[in-house]
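Shared between the two complexes below is subunit A, which pairs with subunit B and subunit C, respectively.
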Partner chain A sequence: MSRRRVVGVVTALVCVTVVALGTRVSEESADYAVHRAPLGVLVDYDAGRAGVDAVEVGTRLVRNGQVTAQTTGVFVALRLHVQAPGTEEVRFQQVALLAQGSTSYAGYGLGSTVGAEPGFETTRLVLFEVSPGRITDLTFEGRNTKIVSGFHQRLQVHLGITAANAAGWAAAAQGREIAYEADEVTRGLG
Partner chain B sequence: MLVDIRVLAVDTGRVFWRLLPQLLTLYLAGWLGSELARQVAVGLGRLSAWAALAAFSFSFLFTLVAAVLILRLCGRELGIWAMLPATETVADGRDTSLTQLLAVTLLPFLGLYAAFGQVQTAASGLANEQIYRGSVFDEGTVLRVVRGMAVLHPWRLLGILVGSYLLRRLVEALHERTGWRPLGIIGALVESFFLLVGIFGGATVLHRVTDWLEERAFVGWLAALRHRVDGVLALIHDQLPTVVDRLAAFLAGEAGPALWSAVSQPVVWLAVAALVFGTQVLSLADLWRMGRPLTARVTGASRFARHRDKLALRRPAAPPPGVVRTATELKDAFLGDIDDKYLPALHSLRLVLRAGGGFLGAYVLLYGALTILRNYLDRLLHGLIGGREVDFWFVAGPFLDLARAVPLELLRLCLLAVAFRRCLELFRHRAADKAPATVWGLA
Partner chain C sequence: MSGLDGAARAGRRSWWATAVAVLLVALYLVWWLTFTRMHLPPTRFVQRPPGATATSQGAEFRLVSLQQTEQLSDGDEPVAAAAEAVWVVARFTVTVRAAEAVRSCAVRLVGPEGRTWEKPAAYLSRETPDCVPRDAAVGAVFPVETFFEVPRADVAGLRGVAVTRYDAGTESVLVPGS
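The block that comes next holds the complex of A and B.
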């Protein structure tokens, strides 16, 4: 094989590698846009507003004075507020708690979607059961994906549990009860 | 290689800018026809999945016609046919008639769209729209019906494939005899339908075959062998099996597909686009590549010649009478497709691959740059628009696709034409280098 041909082949291989790397780097990795919100603040989401607050941890769930569930892990409870001030409903089809690495916890006992009809605000208690060793940087994530969906929004709210205070949160959860009366409260927007 | 990069980049820009109004007109007309056909397919899906598939085939035909016309326009601007020596120019209906050109290019273009996932993406989009407008429990989506038939009634699907193939041959024969142009379009449409049924049904059959293979005992033997190899590697170092597994997974799952896509897409597209410029140009390019400065004047001698011409060259006598003749004609009817459609694409690929490493590297680099630009344009549009409900995407999606495609798809088609012209120049240069030197001597 002549020197010229070898140089040509090597050049072509280098170009192919550069293009492959460039294409990989430039590809959009996700089919959604993340909308980050601070804890306790309502932000714009789809056609309305949504936010998360009142984070609690415990190992027992109590409803109307009765213990409904216990865990050797940790229950994380938070209030999800969804407002639909316009003419379209605002809904979360799926909620999850994202933990370190690629761990994702589905809603505990959550049988339906969380949403608000036009002109209403819905506040829903959302529960998760997590491992006490994996509560650092727990982040709530809610999305409105259906069987067919396009490039959609995902709401993410960091719950304020960092590496510095994670041990404190886990210790505080031990033996603590999370009491609640109703799963969901709906009120009209003024 | 730097010279090639400069020539390709500058000429692509020049052709794009000079022909922009015509390119836009052709592309928009193709896009409009394709979108209308797609919407008709969505509507027909409620009545019949097969009718929807026929309308869906039409949408690819519009896209293909636009691409072929754009490539021919660019080829004319670049003077590709002017490179043919005047003595070698022979009128050939296949090189001038649009319907004949569609017949030659439809199969490789659709094959490319299928190989790089665009047919499946379009079919999934069609199915999603049918679900969105109807119901998730709707059984009539095109994909479900064809794939369902491939699983439950494979012989029926084979019957549909054979029937549509025979119908296409009949339409082509009528077109050749009568010269009535609409028959050419109908033939292309029937072939498009045949190819799409083949692609969707064939993919399902292939899955069944791979599923069946995975249940065979020899797959277990291979797994046991791999376990043995891991054991041997563990003797060298206990982490070695994990390292080897991860390296293999990275090469097979990430690096391999990325490198393959980076090289195969541009090269195969160039080979298929070259078919648009006609068999005469390709025959000449092939001869130049081999160092022969003149086209062989013998009709049927070239790799790109029509099957009929090749046959006439090999068998100058009249075909034998009776049953033998019928059998010969039938054989030629099927083998004719191979010579007229499959082999030209293969020979075109071989031609392009021999243009030289420097040229291929430059071309792959520029083609890849367009792909990367397209990805960043996607990100920019999503960043500007943000996440939205699916209703928004079904309405705005086609227009956003158009906004993405208009600059970059037109540049890509211009680059294909410019790259092929550069190939011709390189081959002609090679033929000139190898031409025998004139020897002056005493009389």
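The block that comes next holds the complex of A and C.
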């Protein structure tokens, strides 16, 4: 084998190794803790507290009197509260709605992260677009995974939609408007 | 002819070898920087006497004033701080001590129990710039301003403004001179 070929093979192996290492490092770690919170209750999360309340369903989003979006499915809106009472910021890097059958819905029209600076509480309207047939046991999940992954935390909040009342929620959503003015509100913690 | 081709091939090989070496060194540096940043202890803040200066990236910072206000102007528009929060405006004089290709003028407001705040991401149009010009001459002095949004409960415990250093584990916390 010529020297040039050897150099080429070694270079290719180095490139493959580097890519594999990069993929492995950025892969989401299986090492995590789940904090389950009842709806409307803030629980410990990361270096602060977080929780979800004010769940609404509808088929139209309205801002400043204008319909900004409509769906043949169901929009689910909720308020995510994040408090950072310590010295570190508290942040959700990803949010999703988990549904039955391993289905997961990503945030609808969201910025990539939701977080609070030290001494502040951030309240953020979080929207999802889901299938009306898959709203039973919808569960909010927020994570703080980072580019270089390691141990991370997840917040899970069951939205209160059960098999017994799912049909009622789906019917209530039809033709209903969800009005929102500000995506995010911040206040200092007392 | 074949001698010239051989020289050209050798030249190309050496360029490739150099490029691969540079790439590997860059990859090592990125890995090393990421690893050390993940394992560094928290920054230690060193309180400096009133009117003292701190140097970072070839610029000497002196904190002239640190004032709180309920509203901050964004051009002609007043912008209120968040509920239960106030704006804190830090004004400096910055003296250029050395030519630097990159100068960020990064500072943090240091509060009680190690809490810190950086300039908010939201852009506000202010009269005074937040850093010195890129082509500033050595010896030139500039007024520089930055602002922070701080919980009202923390205002009484503010320690001062730390000038971010990229080459040390400690940062000087400046307070205005009397």
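Convention: the second predicted complex is superposed on the first by the 160 of 190 C-alpha atoms of A that agree within 3 Å, B and C clash if a C-alpha of one lies under 4 Å from a C-alpha of the other, contacts with A are read in each partner's own complex, and residues count from 1 in each chain.
As a convention for this text, a residue touches a chain if its C-beta (ideal position, glycine included) is under 8 Å from a C-beta of that chain, and two chains touch if they have at least 3 such contacts.
Fair warning: this is a prediction, and the values are worked out from it, not measured in the lab.
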Query = Where does A:Gly190 make contact in the superposed view: on subunit B (first), on subunit C (second), on both, or on neither?
reply = second
Task = Return first, second, both or neither, reflecting whether A:Gln153 touches subunit B, subunit C, both chains, or no partner chain.
result = first
Which partner reaches more residues of subunit A (counting touched residues only), subunit B or subunit C = B
Ask   = Does the superposition put A:Ala54 against subunit B (first), subunit C (second), both, or neither?
value = neither
Inquiry  = For A:Ala182, using the defined touch cut-off, is the partner it touches subunit B, subunit C, both, or neither? Pick first, second, both or neither.
reply    = neither
Message = Just checking: does A:Thr17 make contact with subunit B only, subunit C only, both, or neither of them? Give me first, second, both or neither.
response = first
Task = Could you tell me if A:Gly119 is touching subunit B, subunit C, both of them or neither one (first, second, both, neither)?
result = second
Key: Where subunit A meets both subunit C and subunit B, residue numbers   = 11, 14, 18, 148
Subunit A-touching residues of subunit C, taken from the complex the two chains share = 13, 20, 24, 27, 34, 38, 82-85, 111, 113-117, 149-154
Ask   = Given the complex with subunit C, which residues does subunit A contribute to the contact?
value = 4, 11, 14, 18, 86-87, 117-120, 148, 185-190
Query = Okay, in this complex, where on subunit A does subunit B touch?
reply = 5, 7-24, 26-28, 32-33, 35, 46-47, 144, 146-154
Ask   = What does subunit B use to touch subunit A in their complex?
value = 1, 128, 131-132, 136, 254-255, 258-259, 261-263, 356-358, 360-362, 364-365, 367-369, 371-372, 375-376, 378-379, 382-383, 385-390, 392-394, 397
